[in-house]
Structure formats: C-alpha cells, structure tokens
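Two complexes follow with subunit A in common, the first pairing it with subunit B and the second with subunit C.
Right after this comes the complex of A and B.
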C-alpha cells in the first residue's frame, strides 16, 4: 500500500514538475526572444537564439543623453518615493493596528472611503496645481504616496504580532516610538520589503502622472522617455537617428525593454524569500 | 553745492526712470507653448537651449516649451489642462473632436485678430479660404490651420532587382499586380532555396501621417479601393448621391480583390495582426517583393535593408489600375499642424507676442533656426538648399523640436530634408525625386473636408464593425457572398450609420466641400 502510494506520489510529482517546466518555458521564451532580438546585429534575421551577438543597440541607447538622464530621474523617484511612502504607510498603519487608538474604526473608515471612491483626475490635478507642485517631483512623490491597499495589508500584519512583546517593552519603559522602532519594525521585515517592492514597482512604471504633472521634458522618468524614443522609431516620417543607427530598429526597442526591466529584476531575488510570507501574513486578519 | 546736488539728483532720477522704462520695454513676454515633439526620440531642450536664446533675443518672447506626448496621452493631458483652465498660451491639437470641444467650452480664442499682425505668415499659410473653413465655428476662426508640409509620401515599393531577376514587368493593373506578387512568393526571388518571401506586405494601419484614415482595412489597402473608384470614407457627391463608400457595390469588389491576394497566399499569413514595425522589419530583411512604405520609412530602414540585401534595389511603382481604369493610392487632407491660442492667453494680451513669434518663425532667420537648427553648426546652405552638416544628430534634433511651426513644404525645404541615399557599391537614390514620384504618379485625392466631419457618438463601434467585418471577409472566416455582404451592410443600420452620413453631408456642405 505504502509502495503504491509512494509511486503515485512520484508520478504526481513528475506530472507537476513537467507542467511547471512547460509553464516556465512558455514564460521564459518571450523573455529570451526579447534579449535575443536586442543582441541581433544589423543585417541579421531575428531568431530565438541570436546567430551573432552585437551590443550596438545597448551602446546606441546608452549614448542617448536623454535616456541616461531619465534613468537617473527614475532611480531618484523610485528611491525617494519608496522612502516617503514607507514612512507614511508605517506611521499610519501602526497606530491603526493598535486596538486602544481612540476613533480607530472611524479613521479606518475615512481611509477606506478614499479607496472605494476616487476623486478622479481633474480634482487631483487642481489640488496639485493649487499646492504649486506642478512641474516638481513632489507632484509625483506625494500623489499616491500612501496606497490604501498596502496600508491595510501592513496594518493587518502589525495586528498579528504578539501583543506580549509590546507589553514587555512597555513594562521596560519603552515609548510607542521605541516599541515601533525596536520591536515592531525588526519583526516586520517581510511586510516592509514586500510593500516597499510594491511601491517601487509602481513608482518605476509611473507613466501618465509624469506626463500630466511635469512640463519640463528633462525631468521625465524612464518610461516616458522610452516611449518617446520608440514612438520616434515607429514614426512614418524621416527619423534621422534611425537612419544613422548601427543597430536594427527592433533591436533598439528590445534593448530598451531589457534596460527598463533589469533594475526590477535585480531587486526581486534579494527579497524573494520575504515576499511570500509578507503577502500572506499581511492578508490574514488575526 | 545744493544746486549741484539737485541737478545731480534730477539727472539720476531721470536716468533711473528711463532705465526702468527701458527695462520694462525690453522685458520678455512669457509664452507657454505646447507642441507634439517633432523629434520625440531626441532629447528635450535644455535650459541653455540655443533656439530658446535666439527666440528671446529676436522676438522678446521667453519661451516655455512643453513636448506633448503623442496619441491619447497628449489628448488626455490637454483635456486635463483645459478642465483646470490651465491650457498653454499657444498649443497644437491633433484631435479634432477635442478642438471642437474646447471651442464649445470657451477655452480657446478666435485668432482672426492675429492675422494682420503677422502679414507674411498669413499670406503664405492662412490665405486659403477652404482650409480656414476647417477651423471656423459660428463664423469665427478658432485656429491657425497650417497647410500640409508633408503629405502623400507613401506608395507601393517594389524590389526592382527581383523583377529583373524573374524577368517580370512593373505591374500596372490589379491582375498584373497579383501575378507579380505570386511570382515573388513562389519563384524564390532571393535565391536562397527556400519559399520564404511574400509577394505583397501590408498591415492594417490607420495611423499613416499624411493619409486620411478612412474606414475598412486601413491605408495599406486603400489603393485597392482606389482601383475600384471608392478610396477613403466618403464619395463627396451631392444630394441623394452622397453616401459612405462602403455602401457602393464596388467596395465589395475591392474587398473581393484583397480576398484574392489572401487566397493566393501572396501575403504574410499574419498580416492582419502584425504592426507597421513588423512590416518594416520584414522588408528590411528582404522578405517582401512589394510593400507599402513612405519615403521616411525608406530612409530610416535603408541601412538595415542594404546590410541584408547588398544588391537590393527599391523603386516606387505607379498605383495599379482597376477594371474600369480607376486608380488612386488614397485620400489626403491638405492640412497640417493646427495651432490654437487659449482664451487665457488672449485675455492676458499675449496675442501680439504670439503673432510676433509666429511671424519670425515663418521666414528668414527664424524659419531656418526652427526648421534646420543652428546655421554653420547644424546645417549650411549649398546652392540655396539647407544641407545638414552636423554629425551630432541629437543636438540638431533638439534644436529643431519646434520645426512644425516653421516647415512650409516648399521644394528647397523638402530637398534639404530628403537628400540622397548612398549605397556602399556606389549607387545612390535621390529621395526628393522619389517623393515627387509618389505624389505625381498615384492620383492622390484631396479630401480635406473629411476633417470637418463630426465623429459619430459611437465612432469607435462603427470603425471596429467595418474593419472587423472586412477582415473576416478577406481572411475567409466569413464567405464573401451576397447574403453575408447584405447582412454586413444591414448591420450598419444598427449603428445609426445613416445618421453619421447625414451629419457628414451637412458638415461637408456647410464647409463648401460638397455642393
């Protein structure tokens, strides 16, 4: 009986593994193709694996001063955006997670209301304008600095932490801030990294907000500048930069995709081990 | 001593007042200008932008330039700015529906008062009553409608080296076209021993600069409808004869011809789903014998094409004739950039500054600075033709981000922009001549009036219905027979197509485009 079950388990495992490998290949193939096209030299037909390798497309793109500046803008916006968002989210989520906060339900309701009923584009624009934040990075950093979804996930995570730890710290004379800094935050690495990643991805991919709130093209982040470059390459008119390039147009596009994706790809492995526990534990109400 | 002091004091006061008055007189007018970037792939102007400095020195305008993103994002941005009463002083609109919406909302100002303040520009660009009719509303002129500076630059290109290799003649009729396309597909014109070439490469593409979009299969197939006398959306006949071309029996015949191309397998099997960039990739890789392309696309891709096809030779072919002798590559509007002045700017009395700036951009130094960049650095004059000399492409493109305010489409300008392509083996192609060829030989039909036709409330549904139905017919997913065609045209009634036609006729008649 046990041997039969073991064989069944093995067969099941093999099936699952085969399925996962198929999914992996299906997912990986387009990514490999993107990299392959980006490395294909001028005058070569594209294929899943490049027959010859050329880095001309990357050289061309990295030679574009606009792209380098945009990359710097995006890095700055992402880092500072995550910092601001995390400070505000933690400082809101922690008090809301404490049962003894007066008016906790009312405050949570008010915050939830903004999640359910968005003000819309124009009122938001008017607020940004009246605060004189147009054409400044503050418009991008403060707009949506706190995501209600992320806030609620973090609040639930804090609620699940054992109350006894906090009580013990309080008995030792710790203030609320000290409890937060020395007890709660060190125990909350998974949720902090997970929510930080959510904020980072949102800020990194931000496209329409910069288009709307910024008028100085030198301040634009990477997605906007990349779109401009790609629009130019696909234009019907005479594209002088395309005419003088040493890389095929599709190679340039795919190289742009790779350059945009790399920073986020580099971040994932570092926090992968926290990711699952962060999302799951925050999503369960204790 | 006292007398001297008084005199000195008076003198000093006079000097101070004069200086203040002088400073006031020389104070630059801030002007916010938003245009769709002429060169989106190039960097935005920097703080010490050469062109900006020259504009300030010559016109007293302190230019604050914003590059609008192309497509719906640009429209959304302008829409949001309008809702916040925050439109730029002078800006470009590409979406006509948004233009009429802003007029109704009172966000844009009539511009007739500016015309006498810029006499040369008005004479060259705004003297055509029909074109000005495109921006009139309630008897007022609400926009500065520039003439088209670059239209009809598309055509059907052929691999001349393949024609010669297979001993074929340039096709002049639809039947000959199909025969040549079939030979390009089946007779291994590239000699690689594989059947990997296509007779005709075209995709469903409505966004081709200089050609009116129209209903149906897009502009890469308008020449087929032109061969049956039904290119574009409207027939422009008067009275009861006015209707959309889709109702014409010849429209079905043209669709049947595209079906024949598909049945003969002379087109790329995924033509209905791929994009223009894929098409460009394919002809550059030497996969296409005949294909739809612009002179700009040729310039942008010729280097990659040559690397793949060192002996390749590309020419435009004249648009093929249909059974009754009709021929047309498509329809176009003789209208280019549409400039609009916000009411806010007019109320702030910025009209004279706008007119001065635009007049400066029209000719002489201003024209060359905006259209070609810095003289001596970006270009030089060779035999009266502005010729690009710099190798700093990005710098020049940045300097000419405002070139749509200056370009006029005249011969010297086009010769400067569209020079000669040189192949490694010594051959050369004069692109200006190619442009003139495709303009002259393809019987393009002026349908500028299409721009005043109001979009139907369900325009997207109409566009999608017609386009998807035609794709189904030509792909054979829906047999192209009497019953199905009737069902297709009857389906238009459910979309209130008759109402759309009625409004189109009224607008075209009011604009003087139909009698």
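Right after this comes the complex of A and C.
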C-alpha cells in the first residue's frame, strides 16, 4: 500500500466519522432543546442546555386530571388495539401461508388489492357512521385494524417455517388451531413482537382518527390533547389559568411533548432488538 | 348428469368437484380461522369501495348511498375546472417530488457512511438514534418544530437573530412552510429509509471489496464501483415505490403542521378532501377527488411495478 493512498484513506475515514457525528448532533439537538425548554424555570430565557433546572412544568401537568385521563385512554386504546390487530392478522396470515389451501392465491389477491387501491377517507367514514361506531372506541380499534403490509410480512414468515414440524403434528391428529397455537406461534416470537410493536406505535401515535371519529373530548387520547396544548386550542380544559401557573407556557408545552414521548422511548430498545432488516424488508413480496 | 349418477365412483376416483369439496372440508378449520379477517376486509375495505359510488351521485345522508340520485361525472368536472385544482395538484406534486429528490440522497449517503465507518460503535449509535424519530408521532414532531422554529424562543430563530438576521415565522410563512415540511420529513425519516440501503450494502460480498483493495482501489473508488452499483437495484425499487405514492404528500404531517396562512402552498389533495368532505359535508365531491387520487395511485403503482420487473429484475408486489 502506498503512503499517499494510506493518507487518503485516513482522511476519508475522518470525513466519514465527522459526517456521522454531524448527523447524530442534527438528530439529537432538537430533542435536547425540547427537554431543556421543559426544564427551564419561570422567567429565565431558554438555551440549548438549561442554566437552572425546575420540574414545575411536569408537576403542573401531572396535576391536570384531563391529561391523566388522556394518558389512560391512550394506554387502553393501545393495548386493546394491539390485541385486536394481532388476532385478526395472525388468523388471516396463517391460513394464507398454507400452500395447499384451495383459494389461497385468490384470497391473497383480494387482500392485496386493498393495498393498491383505496377510495379515500369519505367512503370509510360513511361505513363507520353506518355501523353506528362514531364516537365509540370501536371506530379507532377497527378502522385500520389490519395492515396489509404487516399481514404479508407475517404470512411470508409463516411460509418460511420448516414444513416438517407442522406435518408431524398433523399426523398426530392436531387440529389447525392447535398447530398454530402450539407450534407455529412459539416459533414466531420475534415477528409477533415486532409486528405487535408496530401496531402499538401506530395506535399510540394516532391523532387524526380520534379527531375524525370521536366527538367527546373526554374520550380523546394523549396525542390529541398534546396537539390542543401545543396550539393553545381548548387548553383551558387541560391546564388551569395562567395565574396559578408556576412554569412558563413554553415549558408546559415542551413538558407535554416529553411526557408523550417517554413511553415510546421505553419500548424503543425492544423494537431495536427485534428489528432486523431481514424480517421487514422484502416482506411485500410473494 | 345421468352418467355421473349411474356410475357412482369409488372413493379413490371421485369427480373433480367432489375432490374439491373434500379438500375444502378437510381445511374447514383454516377457513374458519380466516373468517374474522375476511369479514374485516369486507366491512372496512370493500364496503368503502361500494360507497365510492357516491362520487357519481348527489349524496344525501337521509337517502343513503343507494338511493341518492345519479349525477354522472358532475363532481369530477366541477373539480377539474375549479380554481383549486391546479393549486392542489401543484402543492401535492411539489411537496412529494421534493421529499423524494431532496430526501433520498441523504438516506443513501447515511447508509454509505454507516457502512464505511471504521468506528463500529459510532456507526451503531448513529443508526439507532437516526431511526428513532420515525417512531414519533407527527404531533410530537410538531412540538419539536415549535421549540426550534417559533419566532420568539425558537432555537433556529435565536441563531438567526444572533447572526444579525430577522426572525422568521417558519410555520405560518408561505415562503418557508414547504421547506419546513420537507426538512422535518428528512429529520424524521432519513434514518429509517437508510435501513433498506444498508441491508443492500451488507448483502454485497466482502470478496469484492478485498479484490478491489488488492487492485489498489481507494475508498472512494470502492464506493463508486462496488457499493453504489450494489445498491442500485434497491435505489430503483425505492424510487419507484415512492413514485407509486406520488400523490400522498404526507397527510398526517401536513394536517398537523398547516394553518390558514399557508393553505396556498400547503393544501394537498388529502387535506382538501378532509376539509370538503368532513367539515363542509361535501361528501360526493370529496369522494370524487379521493377516487381520482386512488385511481392515479393504482395506475402509478402498476406502471412502477412493470418498470421494476424490467429494470431491477423484481416487482414491487
């Protein structure tokens, strides 16, 4: 190796690492600043890192019954949403993954078509209305309960499991449901966890559908309340009058952002651990 | 018919129909399992397609979907000839294409940098941190943008003022709003998009790099002649997939970020459909526009799939 080349390679290496650090800072700076604003005491100007720290904004927020109720609503919606979505997805993906099931291709096509073509928002809204699901949690739990993408990823995963195990169980007289429950699902833990987390994240983050389908303010989940706090809309409902406030308005807003983000950060390491590029890329094919 | 009845076949040689019935019966457990899912698709995906007929009707809630009077293509004509048609299409396409053209290169570069870095720890941390924002709700990103961009206390505006400039109300300034949409999308999604490219890079055989090193190739040359060609298929596939969704400019994002002062540059097909349909009760007109968007989307994705099969050797679906 020539010396010039080695020097060039070293310069290249430094450039690459400097670039990665720059990207890291660009991603983290906004998040750090949000936390900093949420901790800045009343009457002080904000900066990237706080000069003094006060948890008043968090105390103030956690004292608001409306916010606690919204948190409860979100937890309930996320848990029941994941349960419904997983049951529907597994029970659809497994039969369609059996190569000898008559009509498998046709049914997969019927499902795939809904992935490629949609008539938009209004026709679905009319369905929810005609089923009398408006202003019920069923609307939020059901309108997008199955993601075709997740369904196809799971179907592909089931298809790639070794056939012999299931055949052996079948010969022993196990029913389809028994094979699914006792053999296929235990082998599919990583994919079940990944897809379950994807459903959970979608439900936890959803803010448009609650606004669309619900009218009762008491039923709204956390992101809707967060948006109202951020825009100052109906915020009197969530935060008591400014006279009693011990934290700056911006601090309250950013504390609400942080509180909504924390549960996401708690599950993120698990998403991370089970997320492998192989499980999800190429899932649409086949 | 008589023939079939006369010679009732032995169990082993049944007619094709009987064999099919026997196969269906044997799989009855699986069909039973499919039932809830298929019912869901019927109710929440195919019933809406049936309801889409109101695009050709003058939908009256009292009369319902079926009994509202037909009006042919009236709503489509009203949409195509209205002044907002060109504005909606322009906004949708400009935002979509900008996200694709400005957003894709950073993802490719990030994947290359993560792949090339000699510091594996740094590379891993960068990867983990950059795809975290993908999992944040757009409402949370809205809060982050307020912190960064608000004219009074926003970090970016503080920087602008410190540099001697004037503060900009990015979120309500029509001249700045699209940039906010595009760059917040880049901040949120670049790490996530990089994953696919990184997977392609990991799939490249190490022997190619070793051979290049023996031949005296520099790191740049290795990227140009091995890494980039190795990612090309994935780049083509991702681009085509994005083109298939070119009329989805990012509804959730724009819905939460936009406001009246920036409608002229921010209003896209989906946000307009929502306002006309749900807020102004123009169900038929909004459905017609939604249907138009759905049909263009279907057309684009079918074409993209054809192109992908030809150039990348594999289809999108």
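In the analysis below, the second predicted complex is superposed on the first by the 241 of 286 C-alpha atoms of A that agree within 3 Å, B and C clash if a C-alpha of one lies under 4 Å from a C-alpha of the other, contacts with A are read in each partner's own complex, and residues count from 1 in each chain.
Operating definition for what follows: a residue touches a chain if its C-beta (ideal position, glycine included) is under 8 Å from a C-beta of that chain, and two chains touch if they have at least 3 such contacts.
The shown structure was predicted, so the numbers you read here are calculated from the model rather than taken from an experiment.
J.: So, does A:143 touch the first partner subunit B, the second partner subunit C, both, or neither?
T.: After superposing on A, A:143 lies in contact with subunit C but is clear of subunit B.
J.: In the overlaid three-chain picture, which partner chain does A:95 touch, first (subunit B) or second (subunit C), both, or neither?
T.: second
J.: Looking at subunit A, which partner touches more of its residues: subunit C or subunit B?
T.: Ranking subunit B and subunit C by residues of subunit A touched puts C first.
J.: Go through the superposed model and pick first if A:122 touches only subunit B, second if only subunit C, both, or neither.
T.: The answer is both, since A:122 touches subunit B and subunit C.
J.: Quick check for you: in the superposed arrangement, does A:176 touch first (subunit B), second (subunit C), both or neither?
T.: Second partner only, subunit C.
J.: Using the superposition on chain A described above, determine whether A:106 touches subunit B (first), subunit C (second), both, or neither.
T.: In the superposed model, A:106 contacts neither subunit B nor subunit C.
J.: By the touch definition at the top of the document, which applies to A:257: first (subunit B), second (subunit C), both, or neither?
T.: After superposing on A, A:257 lies in contact with subunit C but is clear of subunit B.
J.: Should A:218 be classified as contacting the first partner (subunit B), the second (subunit C), both, or neither?
T.: first
J.: Give me the intersection of subunit A's contacts with subunit B and its contacts with subunit C, in residue numbers.
T.: 45-46, 121-122, 125-126, 207-208, 212, 224, 227, 250, 253
J.: List the residues on subunit B that touch subunit A in their complex, please.
T.: 32, 34, 37, 39-46, 64, 66-67, 69-71, 73, 76-77, 80-81, 83-84, 86, 150, 153-154, 207-210, 275-277, 280-281, 284-285, 294-297, 299-304, 307-308, 388, 393-394, 396-397, 417-418
J.: Can you list the residues on subunit A that touch subunit C in the complex?
T.: Touch list, subunit A to subunit C: 1-2, 5, 8-9, 12-13, 16-17, 19-21, 23-24, 26-31, 33-34, 37, 45-46, 48, 87-89, 91-92, 94-96, 98, 100-102, 107, 110-112, 114-127, 131, 142-146, 175-177, 180, 201, 204-208, 212, 223-224, 226-227, 230, 250, 253-254, 256-257, 260-261, 264-265, 268, 271-272, 277-278, 281, 284-285.
J.: Along subunit C, where are the residues that touch subunit A in the complex?
T.: Touch residues, subunit C against subunit A: 20, 23-24, 27, 29-31, 33-34, 36-38, 40-41, 43-52, 54-55, 65, 109-110, 113-114, 116-119, 122-123, 125-126, 128-130, 132-133, 135-140, 142-144, 146-148, 150, 153, 155, 187, 191, 195-196, 198-199, 202, 216, 218-220, 251-252, 255-256, 270, 273-274, 277-278, 283, 286-287, 289-291, 293-295, 297-298, 301-302, 314-317.
J.: Would you pull the subunit A residues touching subunit B in the complex into a rising list?
T.: Residue list for subunit A touching subunit B: 42-46, 64-66, 69, 121-122, 125-126, 129, 207-208, 211-212, 215-218, 220, 224, 227-229, 231-245, 248-250, 253.
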